[in-house]
């Protein structure tokens, strides 16, 4: 039985981690931190957990945390994470960090998009936690940088095409739409029910979203050359779910390829990636509350473009589900433990 | 490994059964019937099940069904169910019937609200499948009549009060609100997104809903005397969830009772019923996609009434979750198998 | 052309007032106050108003306000309103107050449910602004207390029955459900999209909501005797709309009455109250963004109760629409000016 | 007073036409047809219209229709429209056709995407009813082809850029998202509440949507050369609203242009097109139930692309609102009559 802690338990990724871990047969959630709710039971803050999880929200220093668990999920914002993670590692703990702090390999890129990095020495060590690409490295890692939600949906969708040189990287346009849980659980007028419901809008338009360099890092690795993308996020009036629609011009090689076969080959043994039959399209309700990523593509013969659509649950495969998948790999548990439940439809 | 069949797999209770059974370690879904989708894989009809369930929708006679499983969930409409269930029982199968056909003990009452009953001889044998009330009988039953969604929310909320004579039964007013999955998965203008979203209305007002006699049967048994209620259902713009608000005048005994202690005593050992702390109120999102029923009460000292609120997922504890709970009991499995996952929040 | 001001323009009732006044041919919105958004155009705060309304949000004292308009809508919280209204009246302005400060005729009742009243001398003068009941008094009033949203839906539904002694007042149970705009436009975790969407819950259960004494005041006047009710509000996952379901036992007189004819007689000449044909039920989408109140009733012969359902838009007829209706009457404009648009469906 | 008829009154564009016309001071709705609801009042089919509109749904031949009105809105599906429109014109009536039948100038293109055209002689005469582009022609037209919803959002957004040669037409990628009312009011499983709510998906991916040639026709005219686009529609879980996100590479000329000034110049006198301030983004709730189109753009300097976002109400400016705007022009009424109400927010 592994003793596990959640640092930053009062956000939506925190409660989703708790939801998954509550039925994980190999772990015990022994500690959960929250400044805001310190002293209250996690099941009081989130009544969905009542009779399922008996853990207190505590406001603890890292030193106080250390004896309480052997494995930690850091579900705190970037910048806060890099203050905590090195101390956990120094004490011999394993960590899945859900923030952006260790996702970018290049310190300069990180500092251009975020702020100065206080522990760049771990950037090389941290493994980018997308098991479908880096499963072997994750198995032996002590620090896994859990991918961002948008990047997860995009990288899984485009990597097979870029690896095989089937699309022109310079033509990539990525139009992503996310549910509102991605905006977090802080009081704000912009995220009130009446502001979000029955509406739809783009935000951070013009290459301003911080997931852009993360997407570009992984697509560049897949392409074997630098890739720049136009990435536009939108806010959906749903709680959970991301759908990314990616556009690119086919290379001559791509125009002749059997792309369906290629996707099938890439993902047929993956338990959490499902390539849809030609003509089918992913819908976010088919991945809601699951760890799945559904992918489809279509060709626009009139313009020579491919359109790839991919759907995940932004706090499932896009955050907490993937974090547990990474823990399972790091600990040698069966990879799908506690994650095999089908999506909640309807 | 128990071989299990779903008769009527293409509705919302069918897909919910499949979702739960897909992670049930003791059973194997070996057959699923659907006239409409015969010949297609269930995971094609419901892509949420892809890579999780490999079963075909088939159009089969009862005779063809018999060799295919040992335990059946009948998820077909009332009247259809009573054509099938006797044959399953005659062949030695165990059955959880999700329709209304075997819920009412009194044939006359059934025929007053539905139509003539073709197998009334099973009405006495069938056990009303509310484990919190009839656990022992369920364990040894071969036919369990799975309760209706509204009745489940109401009976669990009011039974403790009626058993102890704390409320005047004649004053009972029950105002229930249900998500739209309760309306089924048939094409209809009334249930289109644009007709349901952003709206709210009552239906079958004036004691016309067929769940009325079922509620009255069980409340009468709890009270030890005939109970008549005013029951009004409403349609919520959500997919899953029921909240019932029940009103009654306290008896003199009720006015002096420690009602919280009573509820606690009734349900403290129940894995799926949660009595909320005074001041808290249930919300349907705290039970969504779970098998839980959350209950709270408040006293209106100005009018001498008690208000009891109770929340379930109408296709979870209100249908498919409870059906699996019943199967677990009937088969001697741990009662919570495949049902202990916390609600999907947010 | 009447110069009109909105005090407290940045809430949902403020923007709804602006939406209606923008097409009102007899008035000009000359001033709007908002502490939070002072200095910004109202159409910047609410981009729906762009190219339709050119007014600035200002942070003004009452003295600064006086020369700017002749008629004021006070759309500020209770307690704030009573600091402002007397000064407006003293300067000869007419006022529709959307807060609760002048709705209750009895100072003691006000102070029991709210706090000490600083200008009780106006309680007798203020007219309760429900035109269907007090049209003549409103025409000549200088201060109209605009009714609460829940009370509007309930009083219009029950007054005809109480006036004719058709129901037992002591049996009244009122189960109301409101859209989230009623909770206001302040940042709060409880009203975030992810907390409200796909969910439903009761609040202030047990006779605690401050609209209770307002409902009781008007129902008592209709009944000619003190009436106490059990009133339970609920939160709907919609932006706009209230549906109230009211239950009462019929008196012997009520059991024999032609209730439909009575409702028809009460409301057939009312432009904003619609009595539905027997068998029909109101839905909030049929009154959304309108000033209408739809009413239906059904009899439960099994229990001798009547169930009355009534729907309004909580910020339309329940607040800003009714406020403009009152202004129209106070100014001698045609009562329906700017208010006759049908509901926005779908 | 103009006598107006709606042919095909029982769909969502029909009820939206009725909602707008009910407050139009210059017209009288004298006839409405519906096969499905023949004999019922329109206000029975759509209770939102009760006490506002007293017109019957009738099942009439074109000959029966002729004496009943002088101006017709044809709100029937394509193919049905071209059977009716020529007869109306022959009888001297003016027509706004909301179908696709007269939108495409090139018969071959029409027949490639739809079916054989039975009255191609009117293709040259019909005016494409986008007033911002063709106001003068509309004023004198007897047949206006009301634009499609997606094309309206896209053409208004991109025309200023193409006219000035600021973007490379060959790089255009258009990612559009529409509310569900666009799918019509026919019974279907795919559009049930539980299938659409809380979900999001693309459809007709790969250049298959029939609005593609309509978009290309108008963009080609703006560019002065043939334009081909990749156009992908998506289904939003909202009732009303379209947001289109359009991507293109800037030409050298575009890279130097003052694009904001250009948009301002193009639309500053337009009552229904609003160019947002730099940094702002349109949201569908700011145009809901209005006739407005909100447009914003952002530059992605890293990739040399411009991203233009545009929002309309798909059944407002995208259908019925624009149809009334066209009627106003054709009849010499003030262009904004009955259309100046701000959007319904929240």
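For clarity, chains are labelled A, B, C and D in written order, and residue numbers in each chain start from 1.
Quick note on the criterion: a contact is a pair of C-beta atoms (placed from the backbone, for glycine too) under 8 Å apart; a residue touches a chain by one contact, two chains touch by 3 or more.
Which protein is which chain? UniProt says A, B, C, D = N-acetyl-gamma-glutamyl-phosphate reductase.
The shown structure was predicted, so the numbers you read here are calculated from the model rather than taken from an experiment.
The chain pair with the larger count of C-beta pairs in contact, out of A-D and A-C, is A-D. Matching C-D against the pairs in B-D, A-B or B-C identifies A-B as its interface repeat (over half of contact pairs the same by residue number). Our note on geometry: chain A versus chain B, Cα centroid distance of 36 Å, whole angstroms.
The centroid of the Cα atoms in chain A and the matching centroid in chain D are 38 Å apart. A straight line joining the Cα centres of chain A and chain C is 46 Å long.
Shared contact sites, meaning residues of chain B that touch two or more other chains, fall at 12, 181, 194-195, 197-198, 237-240, 282-283, 285, 288, 346.
Per the touch definition, chain B reaches chain A in the complex via residues 12, 15, 18-19, 22-23, 46-53, 181, 197-198, 239-240, 271, 274, 276-277, 280, 282-283, 285-290, 292, 294, 340-346. Those residues of chain D whose C-beta lies close enough to touch chain A in the complex are 171, 173, 175, 177, 194-195, 197-203, 205-207, 228-230, 232, 234, 236-241, 243, 245, 247, 281-285, 288, 296, 298-303, 305, 307, 309, 311, 346. Against chain B, in their complex, chain D makes its touches with residues 12, 180-181, 185-189, 191-198, 237-239.
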